[in-house]
Amino acid sequence: MAHLELDKATIRFGGLTAVSEVDLEVRPGELVGLIGPNGAGKTTVFNLITGVYAPSAGEIRFEGRPIQGLPPHRIAALGIARTFQNIHLFQSLSVLDNVRVGRHVRARSSLLQGLFLTRGSLGDEAEIEAASRRLLNVFALEDEWNWRAGSLPYGDQRRLEIARALATEPRLLLLDEPAAGTNPQEKDALMQLIRRVRTEFGVSVLLIEHDMQVVMGICERIYVLDYGKVIAVGRPEEIRNDPRVIEAYLGEAV
Amino acid sequence: MPGSAHHLLEFVQHLINGLYLGGTYALIALGYTMVYGVLRLINFAHGDVVMVGAYVALFAAAGLHAPAPAPWYQTLLIFLLAMAACALLGMLIERVAYRPLRQAPRLAALITAIGVSVLLENGGQLPWVFGSQPRSVPELVPRVNILPTAWGLSVTPIELVTIGVTLALMVALQMLVQRTRIGKAMRACSMDREAAYLMGIPVNRVILVTFALGSALAAAAGMLIAVKTGQAHAFMGLMLGLKAFVAAVVGGIGSIPGAMVGGFSLGMIEEMVAGYGFSSWRDAIAFVLLILILLVRPTGIMGRAVPEKV
Amino acid sequence: MVVWLKRGLGLALLLLALWGMDTAATNYLEPTYYTLLVNIGRFVILAVSLNLINGITGQFSLGHMAFFALGGYAAAVVTKMVGHRLFGPVPSVSEGIPAFWYAWFAGSLLFGGLVAAVVGLAVGLPTLRLRGDYLAIVTLGMGEIVNIVIQNQEWIGGALGFADLPLFVRPGTGIFWIYLVAVATVLAIRNITQTTHGRALMAIREDEVAAQAMGVNVVRYKVLAFMVGAFFAGIAGGLYAHQQGIITPRDASFVRSIEIVVMVALGGSGSITGSILAAAILTALPEFLREAVGRLPYEQQEGARQLIEQLQMVIYALLLIVLMLVRPQGLLGARELSLRNLLRRRKPRSAPEPSG
């Protein structure tokens, strides 16, 4: 059974159809790429999946359950986490606090318990801190735990965003251009990291990426979006030779 | 039937009052909406520019030894002086208090705007500025009823002048924004300031002009209101400004026709609600309306929804 | 259970210490300074509770004093009207007020806080979806609406205010009550900030889009912050009403709320100790100025006093503007003042830009 399924998902803004009848599926444990020229509607697909927008038509199912129209925080609680194309960290909070916010959705104690720092609340906090520090270790950010997130180098900020997303214990991870603005060495490390995250955390990954080297290198299947429509699906070598894809990317190196 | 005739008269009277009130709100609302359009800033101090306008008119009238009622050219001169002085004040406020915060978080600019407002009000009431007591304003334009008493209706020249001046200024502003180079630049800035800057539009100058225009309109409103009520005081702009801001939101903030529609709507609604049994609630009406409009149609009557980018 | 035992002991010690402080202050301080301490306590409650909304959650409320007034009126109704009906009139201070009246007073404070919180819920639920600058205007409008609604309620004194309230907060009791609530406010809000709920609030301040993507129910948390802030402001109102013996609709006005906004901005948005510090400074300073006036020749005193009154808001305004231009993060930024932090500063810093 598919993990995530988009069934003719469509969204219109006024007269503009940004995403049109997109069918897309991610199977458990799969690493899927979503590519397309600028303005093709890739990030809008992410925004539909994560509840930032409700689709105008069509259905989105996660683990068999329709999730379209749910608010973002509910979808996060169900097990979908994301990163952002233009980094959205909590800039002036510490690195550790950024990851701890990710754990928020798994905390059980109420505000009232927090008000009196009851045992339940303190237990929660201990668990949140331990889990967050484990994540920082995985992402080699443990030494910077007390830095302002905004003061980290760019590449570290990208990794912190992934760590924060994983803190929510997702089963599906959406990565929006994780390689943007990184140098070739960082790119290799990133590809390894994504593979490692998939196996170690048992998540499926849907990945938007412009860098073809990264997409072709790690994705098992690729969807190509153009003008809000899926124009091709397939394994990397199929996509590389698909004439429609070449046409859509005319002028850009595939 | 005399009974229904009486009701009709009362209604017409409220209609006239509402038109007058709405005109003043609209005039002030224009300044809020223009500044919000280019800067996305609620210029809290705008209402207090109205107050300064009233005082400048008061001092100019005293300086010119203007009789009451004054000849039209003298009144016009005072009017223009008030507008010019406040245009300068508006530019000064922008340059000193807002421009350094252009890149800062929006709340920092808003807090500064509140600071400027509090400064103008409380600075204004200092003994060596305007003083804490209300000052009486000469009757430059007569405020006596021109209709026969038997009609049971009251219309005064100052009300007619206010409505006329308001409409004239609105038409002039609309022409300026739609037909002139600077108007086109203002519209470009309010659509996308970054892009306007990259296209070579002198954004800083456009913003200064926006403040100058808005403040001049506020001064016009201030003088007209002061002449009509016969007095000026340091806090007169507080409630006026807030209500005019509500009018701008009701009409759709950022939209110039919206400010006009919103101003007249608020004036009419306030006059009707207060006139028919809720007079002691007058100052709450605008805020109730604000909350209602934000719940039902946050973009206002003429506003457009702008999806926020993620 | 050991934790609760420790905390019970702590509470007992606190009560004892407050009682000791109160007794000492009553016996050894001039009445003006006693009142000054009580006023500082009130502004600490107001500034810290507003900081939860404006500083920690990053919203912008201009209506904090509306909650203050609502709480004050609600508490006054409980003591003066309900209490009167049940137990007869409150004896005057000189006759001695029996202890059960103080228990009733404590209950009235809680009731006032709850009324403020419920109104906070009613106002917050629809309006906290709005962007920050709209929220400022709506909360401002709320203050004016509360002001006008109360003005039209003749049964609680109308425009003239609800007067002749029993003076439960006065030399001998005032410091105890005010600082009991102030300590409770500071502890409650500090506790919140140290849990996942507090981090959710700060996440909202930093980046709403990211916060909800991480599973933070943004509207719910904004409303909760608004309600908790309103609750403590309401209690402060109850204390104030029974200190002055009167509460008026003007106490709800947003002009008064701006004073609290200045305190939060001066101390540093998000810093609880900053708010405490700023509340103390901005309350004490005018008092000391007035004190200095007393040393002027008699014929100049009246004018000087008036001038201080008039200048106070001018100075607040200038402070606000200069602060935003020069140091928008306030005195302490989001940092907290503590002995540990002061000591840590001496050591070389391990990271280039540590936070927290």
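Each chain gets a letter, A, B and C, in the order it is written, and its residues are counted from 1.
The definition used in the following text is that contacts are C-beta pairs under 8 Å (C-beta built on N, C-alpha and C of every residue); 3 or more make two chains touch, one makes a residue touch a chain.
Because the structure is predicted, anything quoted here is derived from the model rather than measured.
Chemist: Farthest chain from subunit B, going by mean C-alpha coordinates, please.
Modeler: Most distant chain from subunit B: A.
Chemist: Grab the C-alpha centre of each chain and report whichever is closest to the global C-alpha centre.
Modeler: Here the chain at the core of the arrangement is C.
Chemist: Calculate how many whole Å lie between the centre of subunit A and the centre of subunit C, each centre taken as the average of the chain's C-alpha atoms.
Modeler: 42
Chemist: Between subunit A and subunit B, what distance separates the C-alpha centroids? Give it in angstrom.
Modeler: 48
Chemist: Can you work out the whole-Å distance between the CA centroids of subunit B and subunit C?
Modeler: Taking the mean C-alpha position of each chain, the two centres sit 34 Å apart.
Chemist: At which residue positions does subunit B touch at least two other chains?
Modeler: Correct list: 310.
Chemist: Please list all residues of subunit C that touch 2 or more other chains.
Modeler: Residue numbers touching two or more other chains: 209.
Chemist: Would you mind listing the residues of subunit A that make contact with two or more other chains?
Modeler: Expected reply: 52, 84.
Chemist: Touching residues of subunit B toward subunit C in the complex: what are they?
Modeler: Spelled out, the residues of subunit B in touch with subunit C are 40-42, 97, 100-101, 104-112, 114-119, 121-123, 125-127, 132, 242, 245-246, 249, 280-281, 283-284, 286-288, 290-291, 294-295, 298, 310.
Chemist: Name, in rising order, each residue of subunit C that touches subunit A in their complex.
Modeler: Residue list for subunit C touching subunit A: 3, 188, 191-192, 194-200, 202-203, 206-207, 209-218, 224, 228, 334, 351-356.
Chemist: Where on subunit C does subunit B make contact in their complex?
Modeler: 58, 60, 62, 126-127, 130, 132-134, 136-138, 140-142, 144-145, 148-149, 151-152, 209, 258, 261, 265, 307, 310-311, 313-314, 316-321, 324-325, 328
Chemist: Would you mind writing out the residues of subunit A in touch with subunit C in their complex?
Modeler: Result: residues 50, 52, 71-73, 76-77, 81-82, 84, 88-94, 97, 100-105, 107, 109, 111, 114-117, 119, 121, 124-125, 128, 144, 146-148, 151, 164-165, 167-168 of subunit A touch subunit C.
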